[in-house]
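Look for chain A in each of the two complexes below; its partner is chain B in the first and chain C in the second.
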Partner chain A sequence: MELGLYLHYGPALVSGFAVTILCWIAGSLGGMVVGFAIASLQHWAGRPVRWLLQAYIEIIRGTPFMIQLFILYYGGPYVGVVLGPVEAGILSFVVYGSPYFSEIFRSGFESIPKGQIEAARCVGLGEGSIVRRIILPQMLVLITAPLTNFVIILSKETAILSVVTVPELLYQTQTMAAETFTYIEPYVALSLFYWLMVVATTWLGAKVEARVTRHLRRA
Partner chain B sequence: MKPETLPADANDPIITVRHMTKHFADFEALHDINLDVHRSEVLCLIGRSGSGKSTLLRCLNFLEQYDGGEVRMGGQLIGWQDGPSPRKPLPAAALRDQRKNIGMVFQQFNLWPHYTALQNVVEALLRVKKLPRAEAQARAEAALQEVNLKEKADSYPASLSGGQQQRVAIARAIAMEPKLMLFDEPTSALDPELVGEVLNVMKKMAAEGMTMVVVTHEMGFAANVADRVAFLDSGRLVACVPPAEVFGTEPADPRIRAFLQTYRERNVV
Partner chain C sequence: MFISRDWKFGTVTFSFQTIFHNLPYLIGAARWTLLISGAGMAISIFLGIFVCAARISPGRGLRRAAALYISYFRGVPLLVQLLIFYYMLPSIGLNLPAIAAAILAVGMCSAAYTAEILRGALQAIPAGQTEAAHALGIAPFWLWARILVPQALRLGMPSLINELILLVKVSSLASVVGIGELTRVAQNITGETYRPLEIYISAAAIYFVINLVISVLGRIAERRLQVG
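== the complex of A and B ==
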């Protein structure tokens, strides 16, 4: 290992890491928000809307992420959607992630016994309160682990963004490798950064899980 | 079980049901139901499984949409907009306002497991009645006191017995000060030794003048506490009479006789 290389390429790697984190967090949060909206609509909206959403879910889940990214970035301009690489990266993450997130949320919704919701309606609670106060806190218990898992999967999918020249971690790593004809140094750094993301996500997931299961342990 | 002096308007119906019908797809679950429940009255609904007791009860607070006829409370049509047919359901806020006046207790308790007993009761006081927290807390504690569970205020449902859970569910309903209480087999999910504590709370409520409609298989409760007993058979209200006419002498209707026979065979009545 030539540690001296890091002196020179460190800043580029760190900036790549920052871009990765940005795409990953913005994409995950956006995907969760859209996924939650989809799951809610599937729960409450009428049949045509539900049918359309189901089609969206099937199509997105049935195609590889890289193809979706290509279509958005290279195909977008043909229909007037011109995006920079980072914007395209984030948006494609939202598109790609939302059906998976929505399925996780849907299973959460379905896990709450109907009687609890009827009891809430009987005391006059509104639908908003029912979601926030009755459904969400309980379904978080169930979905924290699958959510954490999928966010970890997404963290590694960010590597694909390099194919549309997003200056993320893998892109910077490959640049370093190409310019210095080294492999160990760049890819050790790369692995370390991904490992950091996974560890941080796992830690956060455990924290959230501990918080949302308080009532189960204090029983 | 009634207070000595009834209020002057004791005979006003709290809720009136006229020509109500309910279908599930093509199946007619309720047929031309007519019923008045009066202030401070305890009405027990009996009938065999599948006769439509739960459906009737759930139509009263629009958990099920009845399709024909009317249910009125204080003159207001429940659930539907008053007007020519085809009628539209009330906006959500208006339905919530109606439901605030109708408490309901379920066979499966339906407590919210992530909240303590007190939080279960406080929730709607805060968010529906919009009481300040201190007042909501005080009123919730008083409701738990009513069902003799003040000391369990901070327990989660999972750590309570079935009887205790059902009493918390009753406290949650009465804290809202409803004009009418609906009970759907409140003791059917309980171990036999826990039935009494729930029935005692209900008897106390009846004695304090609460208007109650109770679906029950507890014939003793129906015989002793009810002012009237309504018998449902295949979605039809066959009789709605004082309990003595059902349990005292031989009831005239053969369907009621056959129904009670099954209980006699188990030495319940």
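== the complex of A and C ==
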């Protein structure tokens, strides 16, 4: 191990890590928001809209992420969508993640017995309160673990962004390896950074889970 | 015929003939993809149930072991796990053929995710059911086999289908240990024909069909197991 290398390449690695984090967090949050919207629309919208959304889910979920990224980044300019690498990275993450997230949210919605919602309407609760007070607390118990799973999977998929020259962690690591002809040092740093992300996500997931299962333990 | 000539889109040409010539090879290779992901799914669900049971068991040692299993298999990239199974196990005398290493790596990694999905689903089952089962004197094995697992599978079904679809797609990593599955064969054909666009689109279409079947089966299973 030649630690002196880190002095020279440290800033590049850290900036790569920052880009990775940016794409990952923006992509996960965007994917969750879009996914939640899809799941809600599937619940309440009419049949044609539901079919369209179903087709979207099957197509995006059924094809590899790298191919979607290629189509967006290299095919986009043909139809006038010119994106920088980072924007393309974030957008492709939102698109790729949203069907998985929407399926997770759908499982949450469907786990709530219809009788509870009917009962809530009978006693005069508004739709907003029904979602906030009855649906969400119960469905979060079910979906926190799968959400954590998928956010971890996304954190590892960020590596694929390096193939469209997004200057993220793997890209910087490969640059360092190619310029210095070293392999141990860059990849040790790489695995440390990824491990940090997974540990942070797991910790956050456990926190959120403890928060959303409060009412189960109190009983 | 539309397939007998090359189509031009801007500077890109698209040749249907390349696709038709190579489709049989790709479909032949898809059988390996199906084998790896099918066997991987079986391991994933079977082992996932046990890891999940250990993860929430009263025994502290079991719980720790399951937590360690989950954090290792979720935390280490699958590619690295696969290389460990294939290259490192022989050094301790366990010589696995490439296909077994691929199935084990994919299945055991996925089992960690399955275990977490099931754990979330189990928490959503009212505790009163378990208490009632205890009160009726139902043995723990039957409590799990007849009451908890069926409901957890139903509640977690959409997330499980997500996971199984991801599993089909990560089976492409088996190409790095020399298995001629779909992605590997697509790469080989591209190397011979220099037509990446056509070949990779065909490969993506085959993955899509496999995943569509899983997803439709999942929907049917969901309807069959309807509890609410």
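Throughout what follows, the second predicted complex is superposed on the first by the 219 of 219 C-alpha atoms of A that agree within 3 Å, B and C clash if a C-alpha of one lies under 4 Å from a C-alpha of the other, contacts with A are read in each partner's own complex, and residues count from 1 in each chain.
Note that in this section contacts are C-beta pairs under 8 Å (C-beta built on N, C-alpha and C of every residue); 3 or more make two chains touch, one makes a residue touch a chain.
Quick caveat, the model's predicted, so the values are computed rather than measured.
When the two complexes are overlaid on chain A, chain B and chain C sit side by side with no clash.
In the overlay built on the shared chain, the residue A:124 is in contact with chain B alone; chain C does not reach it.
In the superposition on chain A, A:107 makes contact with chain C only, while chain B stays out of contact range. Which of chain B and chain C touches more residues of chain A is settled by the count: it is C.
Once the two complexes are overlaid on the shared chain, A:15 sits clear of chain B and of chain C alike. Of the two partner chains placed by superposition, only chain B is touched by A:134; chain C is not. With the two structures brought together on chain A, the opening angle seen from the C-alpha centre of chain A toward chain B and chain C is 90°, to the nearest 10.
Of the two partner chains, chain C is the only one touched by A:145; chain B is not. By the touch criterion defined above, A:215 lies against chain B but remains apart from chain C after alignment on the C-alpha atoms of chain A.
Figure legend note: chain B and chain C, brought together by superposition on chain A, show a least Cα distance of 7 Å. Residues 113, 138, 216, 219 of chain A are contacted both by chain B in one complex and by chain C in the other. Those residues of chain C that touch chain A in the complex are listed here as 9-10, 12, 71, 74-75, 77, 113, 116-117, 119-121, 123-124, 127, 155-159, 161-163, 165-166, 169, 172, 200-201, 204, 207-212, 215, 228. Chain A contributes residues 113, 115-116, 118-127, 129, 133-134, 137-138, 215-216, 218-219 to its touches with chain B in the complex. Remark: chain A residues 58-59, 61-65, 67, 78, 100, 103-104, 106-107, 110-114, 138, 141-146, 148-150, 152-153, 156, 159, 194-195, 198-199, 202, 213, 216, 219 touch chain C in the complex. Taken together, the chain B residues at the contact with chain A in this complex read 61, 63, 92-93, 96-97, 99-100, 102-104, 106, 108, 110-115, 123-124, 127-128, 156, 158-159, 169, 172-173, 176.
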